[in-house]
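Below are structures written as structure tokens.
What follows is chain A paired twice: with chain B in the first complex and chain C in the second.
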Partner chain A sequence: MQELHWARGDTQVVVTAALAGMACALPGNWLVLRRQSMMGDALSHTSLLGVVGAFLLAYAARSAGWVGEAAFDGVLVLSMYAGAIAVGVLTAVLTEWIRSLGRVESSAALGVVYTSLFALGLLLVRLMANDTHLDLNCVLFGRLETIPLESIGQTLPRVAWIAGISLVINLVLVVLLFKELRLSAFDPALATTVGISARVMHYGLMTITAGTIIAVFESVGSILVIAMLITPAATASLLTRRLGVMIVLSLLLAVVAAFAGHFAALTLPSLVMRAIGGPEVESAGTAGMIAVAGGGLFLAAVLLAPGEGVLPRLWDRLQLRIRIETEDLLGWLYRREEAGRGIPLSASVSESWPDPAASPFERLLSRAGERRAISAGLVQRTGKELQLTDAGRKTAEELVRSHRLWESYMAAHFPLPEDHLHETAARVEHYLGPDLRDELSQELSLPDEDPHGRPIPGEGRIENRE
Partner chain B sequence: MSSPNLQNNEGSAGGPGHSSAAGAAAPTAGPDDSAAAREAAQHPDTSPLSIHDMTVAYQRRPVLWGVDFDAPQSGLVAIIGPNGAGKTTLIRAALDLVPRTAGEVRFFGQPYASQRHRVAYVPQRTSVDWDFPVSALDVVAMGLYRQIGWFRPVRRKHREQAADALSQVGMADFRHRQISQLSGGQQQRVFLARALAQNAELYLMDEPFAGVDAATERAIVEVLRTLRSRGRTVLAVHHDLQTVSEYFDHVVLLNMRLVAAGPTEEAFTAENLRRTYGGRLALLDRVGHAMGLGGE
Partner chain C sequence: MNGFLFSSAMLPVAETLFAALQLPAYNTQVVLAGTFLLGVAAAVTGTFMLLRGQALAGDVVSHATLAGVVLAFMVAEMFQAGSGRSLAVLLTGAFLAGGAAIGLTTFILRTTRIRQDAAMAISLGVFYGLGISLLTVAEDFPTGNVAGLSHFLEGMTASLRLSDVQLIGSLSLLAIVLCGVLFKELRLLSFDRDFAATQGWPVGLLDLVLIGLIVLVAVVGLKAVGAVLVVALLIIPPAAARFWSDRLSRMILASAVIGGASAVCGTVISTMLPSLAAGAVIVLSGAVLFCLSLAFGTERGLVWQAVHHRRTTRRVDRQHLLRAVYEIIEQQPEPGEQGSRYGEGEKPDRPHPEPDIRHRPVNRAQLQNCRRWVPARLERSLKQSIREGMLEPVGADAWQLTEDGAVSAQRIVRNHRLWEMYLISQVDIPPSHVDRDADDVEHFLPPDVIESLSRQFAASSPGGQIPASPHLLPPAEQ
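Take a look at the complex of A and B:
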């Protein structure tokens, strides 16, 4: 592996990307919560029209003599922000208007509006490409890589300052307006009736989003902006059920993605190229890699999120199945004892446990259930025989009681033939606790026998067989 | 609160009697000053909610025609009518949540903007995203946001107030529960607690009984009765005709126009129900449709 050279320039890139990512993540949280994530996509595209339009107007103003040379740069920057924000709000207003015409749902309306405005922006870039130095490549993909070149001799590059200021503004707004943002996102109607106009909050959020996009897209480009707006917040929303935690997490994730993205941009390409025998390369685009890293974190959250992730859920299901196997073994041994009371058993346990007809995976689960029963002291193994311990017999009694109570309940309430009862009961028995068992027993006025005439054991009742 | 009965009588004598004719008569009424005089006479300026000749249209197609209604000074009012009758629209238009095509709405004799603090709104439970990352207590505290004011955080005393409202609906144990982990009935109770926290004088509730379990229904009825005993007015969109007489002392029958309104024993009659639920007025529907299309 090629030596990693981490220069001061790399730190500058990561800091800039991290600040930009955090600045974007703040409005992004609210877009995600309002289910308006597409709005981030839309605004990052339509901001092009705002910027280009502002360029055109500013240059026109200069050639008309309204703006002096000295003030021109300042005017240009201000008009860029104003233009992007104006077009951002226009996007929201037009979308709302098209939707209100009826028969077009809002995401379709948004799709129509933002692609049209974006195309208009591209057209303007084409028309004025020769007059101004607006680099379309830079607009789309940013220029994180050139930061070290542009900021020689500075501790923090200019673009990092801009992203940082944007972050501070957004932080202050989110802290000050936390409850207003929360209410208008959760229940716009109530917000409006208590004097927090949902409409004003909506357009306010669009303003902030558009302003943030403009503040950072010079460095990260209008494509990565989309990832920065939505991905950290979407990832955080998978990891927590608390709003404050979600926002803080999204900020952390933005930083992690910035660092991991740049690191991957430096190291991954040469690794990959070496692996496939391609030509030697220096590094890949940091902006793209940050987006990929953000996506990677999201994927990790989908897989691993506590409680709701794919893997924890699979794990829970596996644990449940093993528990059911354990309980089935107990119930089966209990019924064997019950059937063979006084009669010597003809076949050994191992001939029918685990069920020879079951699939290899199911047999594996059965074995796992058996091991768990043995280690819990519910079952003991002597040679090829499995036997219930006293504790195991007690547990098994409860299970069989659940099973037979449920069969009785179904027989009393469902018009089903007798042979339909067992299968449901075999599922239900694993979920009935003492409370439900008592309730069932009460409702059936303390039955002694199940519908098949077998005794219902346990819980203080003496078996009345014989 | 010594005169609720008197006020109720006024409401029932003036409001509904006038209203059944309003749809046809009001739009063609005389000059403005006489209309204003008539309004002053017939809409007592103390009524929690006075709706005068309100028409609401979606894309020019009227869904509510010329509604005239005065809420009683205190009491429980059911708003009933078939699907598409405009029950939700009535509430939302009164609260300026959807634009009115015509008509005027007054709360306690004043425009809504100046009376927000006296009015609490309980939207349909299904109108919000219950996966939103907030706890039951957070949602109830939302009822206090107006009182807390812009830019100020929710403080401990507000959380205590919210917890108190939650215990009034029997949900004290669930205050830290994330709202997606509540049952439908519990969610409805959280909404009700939020309205209680607002400590309003007039409550507008959109289907508070929709999809709730029996325990929640009892809890809600209990809360409504407490509100009435404190002299508050509750208007609730209601679907279960079986329980109207038991739960509500006033009723509003709506089907694109106001069919009748008044004390339950007077207005909740078989005849009025037939007029409310016996299908839409075909002509009203056709005219509305023509207006939606921009003319026939």
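Take a look at the complex of A and C:
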């Protein structure tokens, strides 16, 4: 592997990216909660028009002599923010207007508005390219990589300061307006009745989002902002259901994505190219890789999130299947004992356990169930034979009681033929607790036999079995 | 990469026009045909997507294609130097990446509780980030020139070659034909997917076909108008068509016309002014057509809505005027009778004979007092009623009902009072409030409702007579 040179410049890149990511993640949380994620995408596109329009006006003002050379840079920056915010709010207003007039979904209205404004922005960039110093590539793709070159001799580069200030502003707003934001995100109707204007919250959020986009577009590129806005917040929403925790997590994830993204940008391309025998290449673009790293974190959350990740859910289902196998084994051994009472059994257990007709995977599950039964002391293995222990017999009795009570209940309440009762009972027996069994038994006035004429064991009274 | 923005620096205008005039007409026609077909194909497929509520799926696809394009370029270059520039290769990569992005969105939606908007934003961001990263990697490739790849963001209509246009045109045509063949199925899918499923249609497959069509169009549009703007071709024409019709077949037609027209306009304009990127001009032409549709669309365009609203308001005004005339006359003593019909504060409780309402002029002061009209509005209603032959002027500032006017006025007053009685007896509105409540509805009562109301209140209006007002009428000053 190529030696990794981590220079001071790399730290600057990561710090800038982390600050930008955190600044974006804050409004992103609310966009995700309010189901307006694509609004972030739209604003990141239309901000181009805002920036270009502001540039045009500022240069026009300079050539008209309204703005002096000395103040020009400040005016340029200010007008850029004002322009982007104005266009951002305009996007939201036009979208709402078209949605209500055209009776189309707001996503379609959004599509109409932002593509038109973006096209206008592109045209203006073309027209003004000669007169001003606006680099379209910078606007669209960002230039995190060039930070070290620009900030020689500075502790923190200028773009990092801007992103940091934006982060602080967003943080203060979120802390101050937390209650209002929360209420209007989760229950807009209630928010309106207690006097929080839905419109003010909506356009306020749009303003903040547009401002943040402008603050960070110079470093990460205007379109990639969408990844920084939404991905950490969406990832955090998979990991928790508490809003405060979600916001903090999204900030952490933004930092991790910034670091992982830059690291991957430095190392991954040459690694992959060497592995597949491709040509020698240098690093990949950091901004893009941060978006990819954010996606990787999201995917990890999708797979691993406790309680609702894909893998934990699969694991839970597997555990359930194994528990059912264990219980089925107990029930089967109990019925065997019941049938063979008095007469010695000719066939050995191992001939019909696990079920020879089952698929290899099911047999594997059966074996796992058996092991669990043995280790829990419910079943004893002597040679090839399996036998219930006393504790196992007690559990098995409860199961069989559940099964037969359910059969009786079904027979009493549904006009089903006798041979249709077993299937549902075999499924339900695993989910009936003592309370439900008692209730069933009471309702059926304490039956002794199931519809097939077999005895229903008592509740945990082993001594009564004989 | 830095070069591509400034590489086509603006030519002086004269030279530009000269170049445009010198452009072989054949080439222009070819490009025009390609963009036209693309515009129509995008408009037609976009209509189905709009109706399915997935208008922004094209957005995800078009952003994701960048990764596919660059990846295809790199793979092709590795196998054979120089082959990475083939449009077919790049479009294949784009198609696969677009499909993968939609696949990722669907996966997120199916396995998590992340909602559609966030799922789309995530897969858009991830794929676009990947594309941009790969672009920087591809720059280091020893073979092949990567500069053109970033043009996929903006499109390069002017540099389309005949072979490119043939590919774009035939794929667009394929999309259009597929939409035509599957019209019935796609319509069912767009409006009631569950019903389609219960009818036994393979909705999963149809979903896939529709997504495939979107990806196809988005990919085909890459080279012509650019990745970011092709989504506009998918969304703007269908959204504009919403203002022309609510019927799917007409909506698709309108959408296709708008899509094709904006493609043609944009291409022609950018041929004349090469400094304008064709993609952006096409989209802006579409935006202009959208604004026109929003204003003049026959279904819910602003102008027609305003005209309709004004017509209704004025009709209502005239009806109020006639009722006011009637009620003023009603309160006057019959010729030869002394005093008002009703004493002060006395409520009429019996059916009364209809006053002879013709040849009983009323003046402006009486009308003005009866309903607090804005004077100009009263004037307009008066003029229109005279033109309609409902009123005729008597002397300088007084009017009386014509024969038609008398009939109308009786009908209007009767409807009003029937509805008032209904509100009082069924909705428990106090008689003092019922006048203005009835105002909102009386003008829109269909004949069968009137019929049933008059049956219900037959006792108050024997023989179709006008019932007495259930409340005090505003006093008409003499």
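Criterion: the second predicted complex is superposed on the first by the 458 of 466 C-alpha atoms of A that agree within 3 Å, B and C clash if a C-alpha of one lies under 4 Å from a C-alpha of the other, contacts with A are read in each partner's own complex, and residues count from 1 in each chain.
Everything below uses one rule, namely that a contact is a pair of C-beta atoms (placed from the backbone, for glycine too) under 8 Å apart; a residue touches a chain by one contact, two chains touch by 3 or more.
This is a predicted model, so every value here is computed, not measured.
K.L.:
Which partner does A:Gly102 reach: the first (chain B), the second (chain C), both, or neither?
P.N.:
both
K.L.:
Going by the touch definition up top, name the partner, chain B or chain C, that contacts more of chain A.
P.N.:
Per-residue touch count on chain A favours C.
K.L.:
Check the residue A:Gly195 against both partner chains and state whether it touches chain B (first), chain C (second), both, or neither.
P.N.:
Only chain B; A:Gly195 stays clear of chain C.
K.L.:
With the two complexes superposed on chain A, say which partner A:Leu243 touches: chain B (first), chain C (second), both, or neither.
P.N.:
The first partner, chain B, only.
K.L.:
Is A:Pro157 contacted by the first partner chain B, the second partner chain C, both or neither?
P.N.:
neither
K.L.:
Just chain B (first), just chain C (second), both, or neither: which does A:Leu183 touch?
P.N.:
A:Leu183 sits against chain B, while chain C stays out of touch.
K.L.:
Just checking: does A:Gly21 make contact with chain B only, chain C only, both, or neither of them? Give me first, second, both or neither.
P.N.:
In the superposition, A:Gly21 contacts neither chain B nor chain C.
K.L.:
I'd like to know which partner A:Ala234 touches here: chain B for first, chain C for second, both or neither.
P.N.:
Second partner only, chain C.
K.L.:
Tell me the contact category for A:Leu122 with respect to chain B and chain C: first, second, both or neither.
P.N.:
In the superposition, A:Leu122 touches chain C alone.
K.L.:
Between chain B (first) and chain C (second), which, if any, makes contact with A:Arg35: first, second, both or neither?
P.N.:
Once the two structures are laid over each other on A, A:Arg35 reaches both partners.
K.L.:
Considering only the contact definition stated at the top, list the common interface residues of chain A for chain B and chain C.
P.N.:
Overlap of chain B and chain C footprints on chain A: residues 35, 101-102, 237.
K.L.:
In their complex, what parts of chain A are in touch with chain B?
P.N.:
Per the touch definition, chain A meets chain B at residues 33, 35, 100-102, 176-180, 182-183, 185-187, 189-196, 237, 240-243, 246.
K.L.:
If you look only at chain A, which of its residues touch chain C in the complex?
P.N.:
Interface residues on the chain A side: 32, 35-38, 40-41, 45, 98, 101-105, 107-112, 115-116, 118-120, 122-123, 125-127, 129-130, 135-137, 140-141, 221, 223-224, 226-231, 233-234, 237-238, 265, 269, 276, 278-285, 287-292, 294-295, 298, 302, 308, 310.
K.L.:
Per the contact definition, I'd like the list of chain C residues that touch chain A in the complex.
P.N.:
Those residues of chain C that touch chain A are 1-2, 4-6, 9-10, 50, 53-56, 58-59, 63, 74, 78, 108, 111-115, 117-126, 128-137, 140-143, 150, 153-154, 228-229, 231-232, 234-236, 238-240, 242-243, 275-277, 279-281, 283-284, 286-287, 290, 294, 300, 302.
K.L.:
Considering the complex alone, what residue numbers of chain B touch chain A?
P.N.:
59, 92, 95-97, 116, 119, 121, 123, 127-129, 132-135, 138-139, 142, 145-146, 148, 150-151, 153-154, 178, 180, 194, 198
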